[in-house]
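Both complexes below contain chain A, partnered by chain B and then by chain C.
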Partner chain A sequence: MGLKWYTARRVAWAGVVAGVILTVTFVLLELAPDSQLASVQFQAAARGGSADAAAEAYARRRGLDGPLWERYVDYLANLATGDWGWSDTRSQPVGEAILTALPYSLMYTVPAVIASTALGISIGLYSAFNQYTKTDYAATFVAFFGISVPNFWFGILLLLVFAVHLGWVPVLFDAELARTHTFSLANARQLALPVFVLGTSAVAGTMRYTRAEALEYVRATFVKAARAKGVSERRILTRHVLRPTLVPLSTILVGDLLGVVLSASYLVEVVFGIPGLGRLSLEAIRRQDTALVLGTTLVPVFVAVVGNLLQDLAYAVLDPRIDYGDR
Partner chain B sequence: MPSGTSLDDCRPTLRGRSRRSFLSLLGLGGAAALAGCSAPESDGTVAEPVEYVEGTATGTRTLNFLSVDDNPAVNRVQLALDGAYAVTPEQEIFPLWADISTDEGRVYTVELRDNLEWGAEYGQMTAEDWIYTITEVFQADPNWAGFPNTGDWRQNGEPIPVEKTGRRSFEIQLQSVDPAFPLRPVMWGAFCMPKALIEQYRPGGDQAGLQQDEEVQTLTYAGNLGPYRFERWERESEFVAVRNDEYYLREVDGVPDEWRDAPYFDSYTYQVVPEGSSRLSALRSGELTATDVPETRVEQLEGVDGIDVKVFPQAFMTSLIYNQRSNGSFYEALREPAVRRALAHAVDKEHIVDDVLRGYGNVAHTFQPTFSQWYADDEVTEYGVGDTYGHERARELLESALDPTPYRYDGDRVVDEDDEQVTLDLVFVQGSQAVQTTAQLVAQEYDAVGLDVEITGKEYGTLVEQHVFNSWQGDGDPPWNAGPYNGGPRDGSVSQDPWDLILGVTFNTYPRTPSATRGFTIERGGINFYGYVPETDFGSLFETATGTVDETERGETLAEIFGALSAEQPFNFLNMGVKIVGYDSAVRGPEEVFGYTWNRNTWRLDSA
Partner chain C sequence: MNGDDGNDSMRDQVSGTSTDQASDSTTDQASDSTMDRVRDNVDRNGPERFEDVDWDAIDAEGRRLTKTRLAAFVACGLYVLTLAYDVLVAGDDATFEISVGLPWSTTESAYVWDVTAVDWLFVASLLVVGFALVPVARNRRLRAYYWRRFRRHRPAVISAWYLLCIFLLGTVGTLFIEPPSLDVAAAYQPPVFLSVEASIPTECVGPVVDGRCRGTWEYPLGTTGEGKGLAALAVFGMRVSMQVGLIATLISVAIATLVGTTAAYAGGWIDEALMRYVDIQQTFPTFFLFLFLAYLYGGSLFVLIVIFGVTGWGGIARIVRSEAIQRRQEQYIAAARASGASTLSVVRRHVVPNVSNSIVTAATLNVPFLVLSEAALSFIGLGDVTLPSWGQTIATGRGDLGTAWWISTVPGLFLFATILAFNFLGDALRDALDPRQEV
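This part shows the complex of A and B:
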């Protein structure tokens, strides 16, 4: 009952948080200057027409021709019925736009997150067990390089080397190929660089956190006791060091995932021309497509709220001392 | 396209599209042929699909031309819908769906070809379709479809009458003579939709329904009306159209030979590549056939095998705009033509073109480009080049020009009536390095003649909202109001925030229909946000120019207008822009002239 009640309250709270974020986003979009409107009016006036009539036509076709509160209530009512609205900058329903873009993002973020998590934890543990050795220094260098190198620049550089000069991979992302031949070698080729760029930035953080956390336990008394009792190094690594290390690490994994999906993917998708969620939300903001901005805002809100909930629940699984029964 | 083989099936190996990219992927191409992904021709050689892939920074938002007419939308729709007629660089009408003619320049007759067929079983395109589209969409009141250019189909606020004169012909009855009407973007390039399609939404004014209509979204109603058929549209990724074998121009007598077999590409793709460096990389690797090139990157492509860079003159002008409205800090001076002429002496236009734009632009002296047939060398006064550029000369002229104003020279600096140094606010549009560098250069040049300049970059929408829009601040109603850009007389209608100079808001100079510049040059013009009150009676001159069918009289009047503008310097005409495009060197067809895309359906790869 306790855990269920805790979970239900967290989910309800998530609804409140989502509502507040949607409202703030809606109002901010309304207040932002609209470059497209300015262009449309300027063009109409330059052609000898009426700038006001052009503004009215623009508002009409963008669905901006009612009072703010009315549009907001309509939007919430539609949202409650599962209708996320119509994206007038893509001429398709918002739900369809997100569902179209999501697979493209998953195609490179999932391999990047899995690879960077596995590699990051492995290298971090190795570094902790081999502190201040040459391999530790090498791993540290790789980590700092991954954190420091700007994704945007790194992506362009890799494209020049591997696509233009060596011709190993294509420069352009072929969305049709990705859609129709998702698990093909050709798709893997075009995803190799985005996965690598995203992976290098994500692996660094995971590796450093893992190393730091694992160092706490490498010399812990219970690890020494285990060694003294003749427990194998492999068992010490997986049961006595890795498991307690994962508790705080699970916190940063959610943050990492969000960082990858929300921020790094913008740059990666722009450089590699991938029509994924990052570009979808970026273009929606740039073009002030209210329905699409709100739709794409809901996705990271969902990831953040649910991710944090899962992370809290994971604590209880990973560490038996944590219990939500009385909360 | 290879017969009997789907492009999708071969896609992994046919990724490189142009001739050059196929060569670079020769090994993979051979593998594809072995796998049966290329069709052998009669002589045993393998024919690859000839594909034209154009890289663009952004995609289109819709294919519904009734609601949006921006370049991305029009470029894509034009692949499937030719439009009424084209205009050649020599300003001649090239009939596509229709020809347009007139006797005296007031009533125009549009005659449609007899083999124009809609798709989706809408039958033949008739005058009825056009009349309905014009009256029920372009001229509809209220504007239920959100048509962006309602002003095009109205004169003095009234709809332009259109009347059916036959099954395939109709008349456009203007209120007054307008010899340039066919060159205005009204019928030129105009699209049409089947009456039966629009009728589904017209009664209820269902704009959303029209916008979301599947046939509108996929151009299935296009039939044989364009060189390509819609194939697919992956939002923010690619728009693909494939060769239309039913293209109506193939069965038309009297068209030039190159049009009879057009188009020469099996498919035409707009590929969205948001990042400029990635677009250029794709051009170098042969994955793109063409893409725009910024002036800062041209050097990198010069001498690259397989790439040709072409430069096309454009009609967009960059000017240094002076605030002559009463919220400027130097407006009393900027209202004086003599002051504006003096300031024009202070800015080196050739330096801007040669060094900031790296030679990719042309110096401007009036509201027309030099390639315009209405540009008269002998009427135009040049400033800011050769002997008419120099700080000493500018200071001399400015010193005397400031006499009737509250400003004067104190030593080598310009001061106001309180003996305070004059500092001008220069606001520029962010996003272009060239504009920013020009702003810095202008600040240096003005400093050399005694004027301090503070420069601020703003995003376009913000700049327009804060500095360009202006409204009446005086008592009561304004004596007149020409819209949000010109809310009334310059003493009472001012922008939200003060400014003195604006850079980066470009003006179209309309070299085909130069009387369209009227709104920029008369006191009550719809674009006159800078508060210019001309000394010359441009209103009357424009009336003469638009109202005569006598080409000589028209030419002389326009020459007088553009000569007077160069002398009055309502703003400092700095330069005319150019469009730089990098092509696969196998592309044949694009000529480096203004309006070069009019015949893009006849372009080809030299191997095709």
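This part shows the complex of A and C:
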């Protein structure tokens, strides 16, 4: 079986996963108590009307009166065609709300991911080449710190020191400035802390994986052979260790980093007041806007599904030892 | 990899004989006496052979009521009885109500504890963990071996002591400390030894020196804007975190062990279906799954723990499955099968105990993730608003960063230290219990 067949099967599997997840979310939504319905009923009863009639009208308005099967098909079709529902609290389509919020999220996640990946790989390689030295222990400690520190608390702490006491960065995020002057120094200044907080949690994983992977190759016989032939340390590092290390790392970068960044960015946005996807989702949760909650939850889920697909494909393409036969 | 293979089989032989017998509380006495008999035989007839072991005697001893087993039965019975009492008799009233005169207080204080569903789960988890630890605690050689390996990690040893303190404070300490209560007069008190401008607290409980309000021992870590003592909040937060971490992890471990061993043993389409399900569950970013479910079904602590436990077991199940598949090939499994053991008893007495080291490591590393998730959910207001969770206290202090910095920072320090300690502990346990993995 060739790569094409493998790719086709992988893509099909990703489709199945997406379908299953959507079905499960549909079932969860169906089973969950509808707080809006309850409030509609309560209001009708308070006005002296019939709660049942109000519930029926509410169901008709929301398209909830059809049979379960029909609603399920509608739900899938709507999601597939990009009609993600209507946000009551924002009075705009969910898709539009997400698209407005997305640039703010990207503004600090992209620099954070790039910086943490570059730093994580280099520190991890350095640690592997200098195993059990003081620097290695320091790097390990930094990794533990990054994994363990609750990033929302870390963000608050940094705000307290650098914004409230030292006044180096603004306390409140200026969305207008970020929108109009995205690539200005002032915007970079207000994004510095979010990038740093997100970076510390993302760098830890990359660093530890790189170190573990590279350690396997640092002791490998082909590295010894290269060294015996007189290859320079620099060339050993880049050609003989870094290259094989990058293969498993590429998959970790997509899979794990994605998870960390997605969840960390949610809290980081809440702390720093950045009007990105996380804040949008939180507002929706607070105001019981279920369509928007669903939309903002599905975005990271689809990113994760696609990320997993890319990870599998990247692994197969990069590592010739992987056999396509089985899966 | 080639170099490790020798170690692998060596270790497996060791664990095949030691952990295997030791982890099963019912056989360890039996195995002790087997050893005696083996020694006798060696003395008398030269080397002992497989046929010489008196299996009937061992079987009889295995069925005998050991002390551990008796204790487990008694504990189980008491648990069921009190649970029945709480549900049927006490109902909505407090489960325990005892009046005791404490030597240090003048008035007689009534001790009231209405046991909640989470408390019941917590007690059950502690019982299970306690009885699971008995075999290791009783086997002195094994205990010494693990302790020797574990002791090499100094941060992990410190972490273990710290976690023990947190655990005792959170479980026993909360019984003796007054829960934090509203007291507007005592709002915004600074921590002891520190001072803050006298205009910030409504009323300074401590002395005012040079226009600055000083902290007092009455509120050693300061108070929130509602006048709740942060020290008490921190201690009660420990209970929440420990409950979430331990109960949910135990639920996860139970499901993961069941699924993992079933997949490994059943094979075929059952394995395929189960693992494909795990694939899908693992694709859903965990934090968003928690978030979505907490939003839909409300974030009471009980619901939160169930959500964490029922959806967070995928990773552990994968580890259990791959380990169980490896263990299946071992010779002691073949021996057990050859002597007529059923699949169920092979899995229960040979596979699970020998996979337990990986399970313990994975579980220890699962706890900090859950503690952090709970804190994050209560921070954004999706947790139980009635409980003094650390995440929630951090959130309440956000508005007062400029004036009362201690409200957000103090509970965060405890949270950070707890997560760090669990991570150190898990790392050291992986080294101590699982020498094959090296990260």
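We take it that the second predicted complex is superposed on the first by the 260 of 327 C-alpha atoms of A that agree within 3 Å, B and C clash if a C-alpha of one lies under 4 Å from a C-alpha of the other, contacts with A are read in each partner's own complex, and residues count from 1 in each chain.
Convention: a residue touches a chain if its C-beta (ideal position, glycine included) is under 8 Å from a C-beta of that chain, and two chains touch if they have at least 3 such contacts.
Please read all numbers here as calculations on a predicted model, not as lab measurements.
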Chain B versus chain C as contact partner of A:Ala220, first or second or both or neither: neither
Chain B or chain C, by number of chain A residues touched: B
Touched partner set for A:Leu29, first chain B, second chain C, both or neither: second
Chain B versus chain C as contact partner of A:Leu106, first or second or both or neither: neither
First (chain B), second (chain C), both or neither touched by A:Arg208: second
Touched partner set for A:Leu160, first chain B, second chain C, both or neither: both
First, second, both or neither for A:Ala115, with chain B first and chain C second: neither
Which superposed partner A:Val149 touches (first chain B, second chain C, both, neither): second
First, second, both or neither for A:Ala44, with chain B first and chain C second: first
Touching partner for A:Val293 - first (chain B), second (chain C), both, neither: second
Shared contact residues on chain A - chain B and chain C: 32-33, 156, 159-160, 164, 270-271
Chain A residues within the chain C interface of the complex: 17, 20-21, 25, 28-29, 31-33, 144-145, 147-150, 152-153, 156-157, 159-160, 164, 208, 212, 215, 258-259, 262-263, 266-267, 270-271, 281-282, 285-286, 293-294, 297, 300-301, 304-305, 308
Footprint of chain A on chain C - complex, ascending: 279-280, 283-288, 291-293, 295-297, 368, 372, 375-376, 379-382, 391, 394, 397-398, 401-402, 405, 408-409, 412, 415-416, 419-420, 423-424, 438-439
Complex interface listing, chain A residues touching chain B: 32-58, 60-61, 63, 86, 88-92, 97, 100, 156, 159-160, 163-164, 167, 170-177, 179-181, 184-187, 270-273, 275, 279-280, 283, 287
Sites on chain B touched by chain A in the complex: 8, 11-13, 15-16, 24-25, 58, 61-64, 67-68, 143-152, 154, 185, 207-208, 211-212, 217, 232, 234-238, 240, 271-275, 277-278, 281-282, 284-285, 287-288, 459-462, 464-465, 468, 483-485, 507-508, 516, 518-520, 526-527
